[in-house]
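First subunit A sits with subunit B, and in the next complex the same chain sits with subunit C.
== the complex of A and B ==
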């Protein structure tokens, strides 16, 4: 009689309060900014919308950090955060950006290739929003994003996603997956436009070598590997063999011709650049893992994945108890963040080294911390205190 | 960072000068030119080996030919030149088999034919397994079938240690009395090539 009425109002208020609390959390993640202190070789920051004006004032726009040595040489572009839920990719670009020294050639770094996707968590996955890295001056906090573009920025998804220009049919949600929308088009969806703008950057700036950083689940065959476009195969094969012998296990795969929309295929096909994608092992995104905590993100130790590894179901070395030795004698236990960041850093340096040998006219001379440095000192050691830095070198992403 | 750089440079120097014990087991056999380089199992190993041979600088690019699938279409592949050696890189890849659209049974049939023909032509057969455990599998797998089709018929074996963890290649070498040279890493294959073809 009067009780049901009373309960209805109570539940309405309750769901309103829960909605508000959740809304605050969503809002906070979407607007949280990461800080970076760029190295002294930094020359300018431009926005991606410079290459496609329709991205201006959208969540698809993202900063590009330029390090121009002023000395003739080749040019490279590095993408972190194509899939933001693979956060070692952005962290590796930050370690690069804060420490890079360019003596010849020009370097472009995009720490959040899909900015929109970095502003929410994986929906429905009880996901952590942030992870923290210890530095010498305190803790630094970073976003863990989604795989795909935020539905607030691109919605709804169609029943089938028809890739442009191949017309290959892909899974519907891949229409918001930046690594399925290349080479993109100027009047397409937000994600296609981000792809197109990156292609325009590569074509207009005549980028010689292109790196797209990723992380993969261990039960996916293409883990701990380079995936190289046809023209980059020799570079990636030599680099993989060299890294396996001197630093950490690395494989090399050829980009399949019939799988469309991926950077290692389309970026190479639709520009003159040498396109390379790199995958580290990230236990956090494996299907079988238990609680998806910050600890799992940073350490990668999971007993269910261990069982899978013991049954021969993973495609790289994995041991959460004793670890496995790298070529330098470090025991790698789980899939620690520093291991993954270090892999991307040395993976880039080694590929550059071979590009310089195979294509001397494109040679670039850069230094930044490598695998050995990050394994010895931790990634946090290479992140500088923004409060003590020259404000003109502090940026927000 | 500078210290690390020096260490890395130093280790690279040691690598290229061969002071590291990267090549072990039986002494490296003397190479003969020209030779035909190929794969068994449709893996990427042949292309890696070709790259390492180029990088070694030990022989001229024209001293060898690379053919991914001899005898697939042309029955004269092994007699196209007066090949002295058949250099087979063993390793299967599901992707390679998928891309070429053939089954492992068809691949094994071709390999049997290739070995038979090479024996008839008196070619010196080298079987190399240089990619470690990534190219080893369960009994009966494409990798193991490819090994069984080539290794026991070879005159010389080059194997990366990690791929011999179960002693399979040691067993084959002992049973068939084949010299077996071991390498620590894939990249050390380059060192074997330099030793096979020393500069005159």
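== the complex of A and C ==
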């Protein structure tokens, strides 16, 4: 039986209203800007498009914050937000950017390596749009994005993704995954161009050590791990041992040679830098967790995941009731944001420490809050009030 | 959390059952279920989550629509009838050879694109017509087409389930060719024998069939018959083998190009009104399927938000190993029915990690799972490939009778997948790099 005309019109109107209501939320998320107050050692902000002009005026362009001590030394590049749905990575770079003190060498920080991917949640995964961090001066709001580039900026996907230049076949949506498109192509897709521009930054600025911050599901074996390119293995192994003994559990793995497109492999292969990727545990992105909420994102306490842990199905310490002790005696309950941010900060400092010892000619001298600081005071303690800061040091991402 | 999520799950199941019974529309019932789930779960009216979910399978919907436009325009030119006529003429007396050729024909589009539905769209109608004229019952035709669509999706080079599991588990997608092809050949032979040995009481003689088939339109020739498919094949092959030399086309645009080429093969190629009519007819035809993928997406998004998806996943992967084997043939297909390719990520990846931790070969395990997941493409709530088969074959019985019709080869494929899952280490010689 045909539906009457009025019913069709009613559904059309309802769909329009639904689309409008949702559209407002999508627009707000896409255009919401995070604020950062850079430290006094900040030198300049450049855009990634400086290294590949075709990125200009696209959602692939993203700010690079430069901290140049003016004193000879090595150079470091830190990526946050390669996968924006791993938000401790961007937050760790913000804590770094707001507090860093560089006494020798030069530091480049990209808080949103894939800006486009930070402007939409992952379809079908019901992600929250934002999370909030308590600071001494109020709440600060941040975006939670997707794993892949927003389809509004790069569409359609092919039926299979052929990685350049290896020609390895990968799942189709990985063509929008920044951590599968390295070393990239100057005339490729938006994501490949972002990769290429980052490679150009590394090659042109002669970056000595490169960090790519990530978060992993707890059921992923590489969680709580350094994944290092062949040349960085000594650094990551020593750093992992030191961290495990003195701060928190950390593993070290060699970058597989037959898995292409990832930063720890391609950045090392296609430049002279020492490439290291770091993974922290993020319960929110595990596939078996319950209700998707801001609490889950910030605290990482989930009963379903606890069951998985009790059955030996997770690859790091996890306890939502009594917690597990780190090397400093803190009890870690769930996977709290401060724990994850602190891990990235100390993970970077410890690897830098070992690079300085192995390669004194590349030594970089920096300080910023570490795991102990963040665990004691919270990440929010290190985020400054933009309304009281020197406007020339306030930026939006 | 367990209790609360279980209550939400029960309310959602009850809502779906009630809405389906009252409204007789699984699609609207799914959306209502999603809204009720969100309300009960404390998400209020979830406008963003609903719309976000509706776009989860946007690309799939676009492929369905454009592939249908292509094949309907191709049929409108008369090329399809000419092709069926030729196959009947050549193969009427060579049943087994014909079934093997039709099977290979079914596998190619899905193997190249990773989607069994593409096989049905592109060659399913042709295969169904030929088999109907050869006197096979609709039940056997449906079973043949559904099984080969599944095998097409599983077949290398593009097996999306294996690719997704490999991507999630940081495994390279290599070493899968032989371990997929050997079981595919076994299942294909079984299906061909199952079909070929069936009775064909209504089989008419060759001349009678040819007299029934519409005559090809004036000017129809092999160039016109082959060119649209040749263009499709070339576009698919250059997208894979010359990917760095062309922009990303995507399957929807590929099918639109082929539809245009088909239209250009027609004598009345500039008859815009005719093509517009074909597109309107296609939209009518595909609309229910589009409604399904859109509403499944909305439902899955709310299941995820409320934790119901997590509850199902944790329940399965924490079963004792024996129970995992016993229930795999239930859980894996139903996950596919609900989550489509998401099943590989939600259930497949944890199983890969679980099996890896006890020393079982993960490549064979991933291959085995990729035989189990597609079995669910005929199961609710989505039933995508099942419904496509029913529509393409013109199957007139109830959906339940269609499921019964495909049961034997379906179970055979399930048994092969299950055996691979149970004995991955004994089969690791099939993993060839």
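Criterion: the second predicted complex is superposed on the first by the 394 of 397 C-alpha atoms of A that agree within 3 Å, B and C clash if a C-alpha of one lies under 4 Å from a C-alpha of the other, contacts with A are read in each partner's own complex, and residues count from 1 in each chain.
Criterion: contacts are C-beta pairs under 8 Å (C-beta built on N, C-alpha and C of every residue); 3 or more make two chains touch, one makes a residue touch a chain.
All figures in this text were calculated on a predicted structure; none of them were measured in a lab.
> Mind checking subunit B and subunit C on superposed subunit A, clash or fit?
On the shared subunit A, the partners fit.
> What is the contact status of A:256 with respect to subunit B (first) and subunit C (second): first, second, both, or neither?
Both: A:256 reaches subunit B and subunit C.
> In this superposition, which partner touches a larger number of subunit A residues, subunit B or subunit C?
With both complexes superposed on chain A, more residues of subunit A are touched by C.
> Kindly classify A:22 by the partners it touches after superposition: subunit B alone (first), subunit C alone (second), both, or neither?
Once the two structures are laid over each other on A, A:22 reaches subunit C alone.
> Per the contact definition in the header, classify A:246: touching subunit B only (first), subunit C only (second), both, or neither.
Only subunit B is touched by A:246; subunit C is not.
> Just checking: does A:370 make contact with subunit B only, subunit C only, both, or neither of them? Give me first, second, both or neither.
First partner only.
> Which of the two partners, first being subunit B and second being subunit C, lies in contact with A:206: first, second, both, or neither?
In the superposition, A:206 touches no partner, neither subunit B nor subunit C.
> Quick check on the superposed pair: does A:40 touch subunit B, subunit C, both, or neither? Answer first, second, both or neither.
neither
> Counting only touches as set out at the top, which of subunit B and subunit C does A:159 meet: first, second, both, neither?
second
> Can you give the closest approach of subunit B to subunit C, taken over C-alpha atoms and in whole Å, for the superposition?
Shortest inter-chain C-alpha distance (subunit B to subunit C): 7 Å.
> Intersection of subunit A residues contacting subunit B with those contacting subunit C?
Looking at subunit A, the two contact sets intersect at 256.
> Per the contact definition, I'd like the list of subunit B residues that touch subunit A in the complex.
1, 4-5, 7-8, 11-12, 15, 44, 47-48, 51-52, 55, 95, 99, 134, 184-188
> If we count contacts the way the header does, which residues on subunit A are in touch with subunit B in the complex?
233-234, 237-238, 241-242, 244-246, 251-254, 256, 367, 369-370, 372-373, 376
> Mind pulling up the subunit A residues that touch subunit C in the complex?
Contacts found on subunit A: 18-19, 21-23, 25-26, 121, 123-126, 129, 155-160, 162, 164-165, 167-172, 174-175, 180, 185, 188-189, 219-222, 256, 258-260, 287-292, 302-305, 307-308, 311-313, 315.
> Mind listing the subunit C positions that touch subunit A in their complex?
Spelled out, the residues of subunit C in touch with subunit A are 1-2, 5, 41, 47-53, 55-56, 58-59, 62, 112-115, 157-158, 160, 163-164, 166-174, 236, 239-240, 243-244, 248-253, 297, 300-302, 304-307, 310-311, 313-314, 317-318, 342, 345-346, 349-350, 353-354, 356-357.
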